[in-house]
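Working notes, structure below.
As written, the chains take the letters A, B, C, D, E and F, and residue 1 is the first residue of each chain.
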Amino acid sequence: MRVTVYREAHFNAAHRLYRKDWSDAKNQNIFGKCSYPHYHGHNYDLEVGVTGTPDPETGFVINLDILKTIIKEEVEDYFDHKNLNIDIPEFENTVPSAENIAILIWNRIRKVLHPDLDLKIRLYETRRNFVEYDGN
Amino acid sequence: MRVTVYREAHFNAAHRLYRKDWSDAKNQNIFGKCSYPHYHGHNYDLEVGVTGTPDPETGFVINLDILKTIIKEEVEDYFDHKNLNIDIPEFENTVPSAENIAILIWNRIRKVLHPDLDLKIRLYETRRNFVEYDGN
Amino acid sequence: MRVTVYREAHFNAAHRLYRKDWSDAKNQNIFGKCSYPHYHGHNYDLEVGVTGTPDPETGFVINLDILKTIIKEEVEDYFDHKNLNIDIPEFENTVPSAENIAILIWNRIRKVLHPDLDLKIRLYETRRNFVEYDGN
Amino acid sequence: MRVTVYREAHFNAAHRLYRKDWSDAKNQNIFGKCSYPHYHGHNYDLEVGVTGTPDPETGFVINLDILKTIIKEEVEDYFDHKNLNIDIPEFENTVPSAENIAILIWNRIRKVLHPDLDLKIRLYETRRNFVEYDGN
Amino acid sequence: MRVTVYREAHFNAAHRLYRKDWSDAKNQNIFGKCSYPHYHGHNYDLEVGVTGTPDPETGFVINLDILKTIIKEEVEDYFDHKNLNIDIPEFENTVPSAENIAILIWNRIRKVLHPDLDLKIRLYETRRNFVEYDGN
Amino acid sequence: MRVTVYREAHFNAAHRLYRKDWSDAKNQNIFGKCSYPHYHGHNYDLEVGVTGTPDPETGFVINLDILKTIIKEEVEDYFDHKNLNIDIPEFENTVPSAENIAILIWNRIRKVLHPDLDLKIRLYETRRNFVEYDGN
């Protein structure tokens, strides 16, 4: 009897899609206006889903206070009001696409989550563009 | 060729997270302000998902009028404007966490749904906290 | 040149619409299921709008940190996870309708807000029922 | 390492649920007000989910410009501001239920999508009624 | 001390923007795809705002049950699942633009609303296009 | 008989709240994490409201195609995927607060809008913070 508990979180960040090893023309051709040199930004909305068996005493898959602390420490403190290209070392040579941000968030939460719990995340870059990742 | 049809529903209820067999201090420690003695409440938003093969004549997995009636009888009439701790017998000795409410709703709908149809639900306790359950 | 700045907040509370000086039948007749004896509850969503002239140096009508503190102290700490009928003295003999809750919130914020600033609020009891009050 | 990328799209269309080979009474009985003779309509909201492995260079499962073009050509140009019963040949003898519209959309996108990518869609007929289909 | 109470409602309808006294070319030129001959449709979302002084006994500007009945009789029964051009006599020679639908809805509610109460409405044709009217 | 027509638009931008003529400590003290040196960003959602008398022939206060063109040229082309501090000359010495962005947007639309039409805008910096400006 496994239930998934979701908690929504938010962070605001600047980013730019481009590769140093590509010409400006190629960056513009592949990434369009997302490669503009002075960055743009998003309100990232994150849904963190944790799957497990509810504890018979508390009725909780995971205490939300614990999940909120994990999200604060691993996601909000790390990404909020940051420039993803400059401030996040994992994106020094990797494009901070929504896909890659989602994989990085998943890895950061996964390493501190109890191994009996499964994890999946959904990351909204805008209301109309979003990605999902569950580690598979 | 299986399609999932979702219908959204709502109910408002009061509840309190606490266990009679725990001290007030332990209830406060584990459940925080959710254990306040005089109850608080939520607008619960429910998504009921029913999976099956569309009928070739009607194009319906399930006629929405039938699904609405099931949701009204099994969920809204049972939970709406109720106090979950006092008015719902299943929560006399069980914490009405979102997880446990979702499991109870799933069981109530499952027992009246045609066995060829699969069922999953998502229950929003707030816009930022929600749970999913599909019987597995 | 006056701009209105809005900040959204949330609180969860239980309540019941009824009057002690009315019979149960009259309460049921006027307030319907909202008068059920064991309370029900809502996720209240609040929009606080503050109107004023932006400061030429900061570009702010009001620093959001100040507004957030006011909302926390005057609204969230006072109403969140409370039973409006039992825990809020203003509702000992007054029905905690959305209208009356909105007026009380407006009065609480108004008394600590700088007199040069205007105030209006919108309070959602559910997604489909909400009220507005601006002190007039 | 497979990630799902979603893009939201919209179209407005008129439709009517009825079968020519049924009597008016039977249409009314099964489809209710959805069978009214002069059509009604919806703002259809569509989520298109494409699953694949992010390209190591771009970080993209699929370039969103490509996905937007596919959605424009296969969905928006085909359905937007149309009468589903009259203008869409696939619904000449098939009821344009949300289920059947979703299957048709899925088939139209599937045939132009790279075979390494998986596809699922969610179609909202209203905010409270929606369907999902992933080809299985 | 005047408070505005809002209630949200919905209806689905088909319509077409065109004038019989214009050529097809002029209709197409002015109304674009909204003039397509076989109609398209929308989920219309309506917010009805009623302003007045809360009753000291009930705390209500207007009992929501009364407001819901007015909206059902004057709006939903009249517009839901209808073709605005064919089924609504007021649009026989008037374009059913969002503006004109809003004015018609306002007039229908105004005539049955207590004269001490003020009325304003907001009508969403889509999530991104909406209109407001308050009788002035 | 004046109706207000709203159109929603979006743009993504990076910005930073700080003043060159203040010390880093003062910027940090007043603007908090919004002053981080490498910028952060937002999905700005904009509602543009235009008030006027519907044209008796078309039923339009303003043809939405005209309004969309104005918004594209004056707002989206000017702000989308830009760095507000670096790319927008009006913010060279002015803090790009939500208030100041709203005033700039209002001025840009006002100068190209027909003088018989009134204008007001609402700008969402996040779902929970937004501002309104109508030129007064």
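Throughout what follows, a residue touches a chain if its C-beta (ideal position, glycine included) is under 8 Å from a C-beta of that chain, and two chains touch if they have at least 3 such contacts.
These numbers come from a predicted model, not from an experiment.
Chemist: Quick one: which chains contact chain C and chain F both?
Modeler: Output, common partners of chain C and chain F: E.
Chemist: Same or different for chain C and chain E, where same means more than half of the interface numbers show up on both copies?
Modeler: Different: when the shared numbers are divided by all numbers used, the fraction is under half.
Chemist: Could you check which of D-E, A-F or E-F has the same interface as C-F, with more than half of the contact pairs identical by residue number?
Modeler: E-F
Chemist: Distance from the CA centroid of chain A to that of chain B, rounded to the nearest Å?
Modeler: Using C-alpha averages as centres, the distance is 29 Å.
Chemist: How many angstrom lie between the CA centroids of chain D and chain F, rounded to a whole number?
Modeler: 34
Chemist: Specify, in ascending order, the residues of chain C that touch 2 or more different other chains.
Modeler: 127
Chemist: Mind listing each pair of touching chains for me?
Modeler: Every touching chain pair, ordered by label, is A-B, A-D, A-F, B-C, B-D, C-E, C-F, D-E, E-F.
Chemist: Write out the stretch or stretches of chain A touching chain F in their complex.
Modeler: On the chain A side, the touching residues are 10, 12-15, 33-34, 36, 38-43, 80-83, 86-87, 126-127.
Chemist: Which residues of chain D touch chain A once you look at their complex with the stated criterion?
Modeler: 1-9, 49, 54, 57-61, 63-65
Chemist: Give every residue of chain B touching chain A within the complex, in rising order.
Modeler: So the residues of chain B touching chain A come out as 17, 19, 30-32, 94-100, 102-103, 127-133, 136.
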